[in-house]
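Letters A, B, C and D name the chains as they come in the text, with residue numbers starting at 1 for each one.
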Amino acid sequence: MKGQHAVLGSGSSQTQVLGTARRERLTVVDNEAVGPYVLLRLERSGMEPGVPGQFFMLEAPGQLLPRPMSLCLAPPGELAFLLEPIGPGTRALAALAPQERIYVLGPLGNGFDLAVERPVLVAGGIGLAPMPYLSEALGGPPALLGFRSERHAEAARLLPGAEVVVEPRLVTELLPGEPSDILACGPEPMLEAVRELAPSAQLAWEAPMACGYGACYGCVVEVEGRYIRLCIEGPVL
Amino acid sequence: MKGQHAVLGSGSSQTQVLGTARRERLTVVDNEAVGPYVLLRLERSGMEPGVPGQFFMLEAPGQLLPRPMSLCLAPPGELAFLLEPIGPGTRALAALAPQERIYVLGPLGNGFDLAVERPVLVAGGIGLAPMPYLSEALGGPPALLGFRSERHAEAARLLPGAEVVVEPRLVTELLPGEPSDILACGPEPMLEAVRELAPSAQLAWEAPMACGYGACYGCVVEVEGRYIRLCIEGPVL
Amino acid sequence: MNVPVLNASGCLDALTAPEVAATLDAFVTKTVTPLPREGNPPPRIAEVDGWMLNSIGLQNPGIEVFSTSVLPRLQDLGVPLWVSVGGFSSSDYKTCCERLDDLDAAQVIELNLSCPNVDEAPETVVELVQASRSATSKPLYAKLSPATPDIAELARSVADAGANGLSLVNTLRGLALDQATLRPRLALGTGGASGPALRPIALACVYACANAVELPIVGIGGVMSGADVIDFIAAGASAVALGTVLFADPLSPARIRDELERARSRGYSSAVEIRRLAHGLAFASRT
Amino acid sequence: MNVPVLNASGCLDALTAPEVAATLDAFVTKTVTPLPREGNPPPRIAEVDGWMLNSIGLQNPGIEVFSTSVLPRLQDLGVPLWVSVGGFSSSDYKTCCERLDDLDAAQVIELNLSCPNVDEAPETVVELVQASRSATSKPLYAKLSPATPDIAELARSVADAGANGLSLVNTLRGLALDQATLRPRLALGTGGASGPALRPIALACVYACANAVELPIVGIGGVMSGADVIDFIAAGASAVALGTVLFADPLSPARIRDELERARSRGYSSAVEIRRLAHGLAFASRT
């Protein structure tokens, strides 16, 4: 894993999250189904898209806490997020109609390190979310996508040219034999498997987050026996 | 006051509220402004309008507890309520759009005793609510209405032919000198004043209610040193 | 799914709404005290932010009138009866339990040890249970407040003092101010807070106590739906009682039973199965 | 309207978000314990029914690292500092207070007497306050749990034990189950429940304590808006602290100050005026 790991507790990180992030109320342009997922497009207003792999906290109407979402696409004047509706927050976001407005905070956290020579993108399921923007930034490197069903695999159209497998086949079966710089996002077991095969891979992890900017200590993951805040030390580790 | 007053606590009343009341989900026909008030018209479905002065518990979207409302009008196939938006529950009711549906329970409580010889209706402000339906049942007796402003007085059109005063004039100034059977509804000070002048008047009182059918003991009013449940002993006392 | 559904004490009058009482597995009376009580002055209720606040103040006819004239009429309804008793000293609890002890109509005595609308009894909860235990051989359910630093510890002492079951929970104390006057909306200031916002707190109490004692638990607090009942069973309750939801929906017992029936067809085959699922994670009682 | 706005302990890291800290009248640190703590295993947070549940478990670098390397950097921010201390025995509280006593940067010590995510200290709250009092001459704010049968009584004993102020309140204990597995959503089962659903409960605590003691009170619990601040002041607080709202909106301190400013123009001319309005009904302290 990359990144300087925190020692412990308050003040271990220098990342001044709010220094680059803004908070604005953005207008929904559209919400489109992409297989079982939803592509939520927001007017960009004054917000920066940030580095691929960074994320934003999106107000989910009716919910107390915002929900973390990776930026999926940054077309001119827009910020677009790919959502999997799995609970009350993501369902509320998936139900937004054009012209509705939500508060958005970001970009947050540390994205992928783009200084790589032989990039290969690897994603499982909703782990596809950050890949289109990442692919663009890297000039369209090879990409490997795994999905749990044909229906989920429809979302592969967001990353034209990617190689796609559907369960029971696993995306890790496609990992190249030759040395490469893997940038991956997906469910925890997939990321563990990728790390096993490619210890230097950059992996984008998930954890429930309340704040996204280091305030709550809710999003910790264990790294070398210590709990670090994924939102400011990651999500790419 | 009329009505057999409860002694104390559980089981003092024989009124089997749910015996006559039904609970159904009714569809909104329309919501019309009447001065600063709102006339909420619901499809009647299988519900009975009951006796004038009885009330219904109306689900207020987004609120935990339903809100008590007197029946205002019972045109064929409809139940209509006159609302004053004063808080979250009444505002939610006033914001209902046609085709939306809410649960309604009723009719509840004891209405006016219609076996009167020289009826005169007296109402102050939103106390107008039960009067149109009462007037119809009594064949259009004389009616006296008081309002706090000209704008509020617009609602008098729901009771054509009524005599209307606006503050600083008070409706009690209009009370007839000759003996009459007064049926009144309005704010507490007005009802107290009416009772002072006409001790045998039938008065429709208000109290915050959680259930409307005797379950919570929340709606008590003091009668002869005891607390009785207004929802089952009243609201007309 | 065979989960007994009761009403929560003080949330239904079986004599004014016998049709509703008939849909319950047992009817729990409003709390009875040794002497009659008029209760607190109105306004007694307010709704605020998903909570219902009440300050009824244990209005009741007293144990004597209750025993001679209310209980027989309740018995006629043909629903099993739980009698809730309360008071202000251990002798109050003793008085009520003794009076009920030889009345067959009262199947269970629930001890209201936790009403936030009357001054606190000077004795401890455990002393009140002991006094009650000495006065009756009927099953005693101890109804506890969530406003206690360590409810699992309290459950253990209450079990040791002879309680046969727990009713969890009573209301929390809450305050709502009128936005115009900034004065409390209830006449006496604060009141008991109930409704859906109480549910996660009640679930935590049930969960902590189920991991601490073997007693059966009636889960109470913000039950609104069949899904909520499943949560309470999963947390360790063996029955539930409906409070505030009865005010919003007198038909809720039947509706909730339907929802449970449908859950059964989705695979939750029995209450036991739900508990097994949930308590697989038994170490979790650590917090 | 001159109401000091703080953050609630554990709800902001001033070093990762100095811009947010700069908008506060004082910054309150996350609770520090004598020894470093890694805190509880994840998942640590969940949202349920208007509550946020957390089970952080007092992750902190320990009083020594805090004093030598965190506090100086906090001091550089130029915001008045309150240091929250906690522990598992009176000697833990004493250790922390002694260590802080001669550090000028710590203006106030807040005693976290109420964290629901660590096992209960065996000593009483009053003993913990006494031990802290003996160890420092700095102002001590006692932060109490709402899960206590009689918080006004507790406030009186805490005042007698030497506390200079009260922070009201900490979280309640809550439980959320995963709807698919029926297992607790937090790794350790239950967690501390915060957010708007806590507000009426917190207001009741502030109200009860303001009527019981003369100490200044920091109102904490579900403050989301300027209107909520007005409620807390009306109930008897003299300052407020923002917790969960900071997660949803890091700009909330400025927004809430704006809302208070606008309330002033609507006639609430001063905090004192609000309190006068509210406490006109002083007899209401009876419940």
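Quick notes
Basically, a residue touches a chain if its C-beta (ideal position, glycine included) is under 8 Å from a C-beta of that chain, and two chains touch if they have at least 3 such contacts.
Computed from a prediction, not measured in an experiment: that's the story for all the values here.
Least step count on the touch graph, subunit C to subunit D: 1. Chains that touch both subunit A and subunit B: there are none.
With centres defined by CA atoms alone, the chain at the far end from subunit D is B.
Centre-to-centre separation between subunit A and subunit C, using Cα means, comes to 46 Å. The centroid of the Cα atoms in subunit B and the matching centroid in subunit C are 33 Å apart. The set of subunit D residues that touch two or more partner chains comprises 50-51, 196.
Because contacts link the chains only in sequence, without closing, their graph is best described as a line. Pairs of chains meeting the touch criterion: A-D, B-C, C-D.
Across the complex, subunit C is touched by residues 40, 48-51, 53, 55, 116-117, 120, 145-150, 172-177, 179, 181-184, 187-191, 193, 196-197, 199-201, 203-208, 227, 230-231, 234-235, 274, 277-278, 280-281, 284-287 of subunit D. If you check the complex, the residues on subunit A that touch subunit D are 7-13, 15-19, 23, 59, 63-66, 88-89, 103, 105, 207-211, 213-222, 226-227, 232. By the touch criterion stated above, subunit D contacts subunit A in their complex at residues 10-13, 15-20, 29-30, 36-39, 41-47, 50-52, 54, 56, 59-62, 65-66, 69-70, 73-74, 195-196, 244, 246-251.
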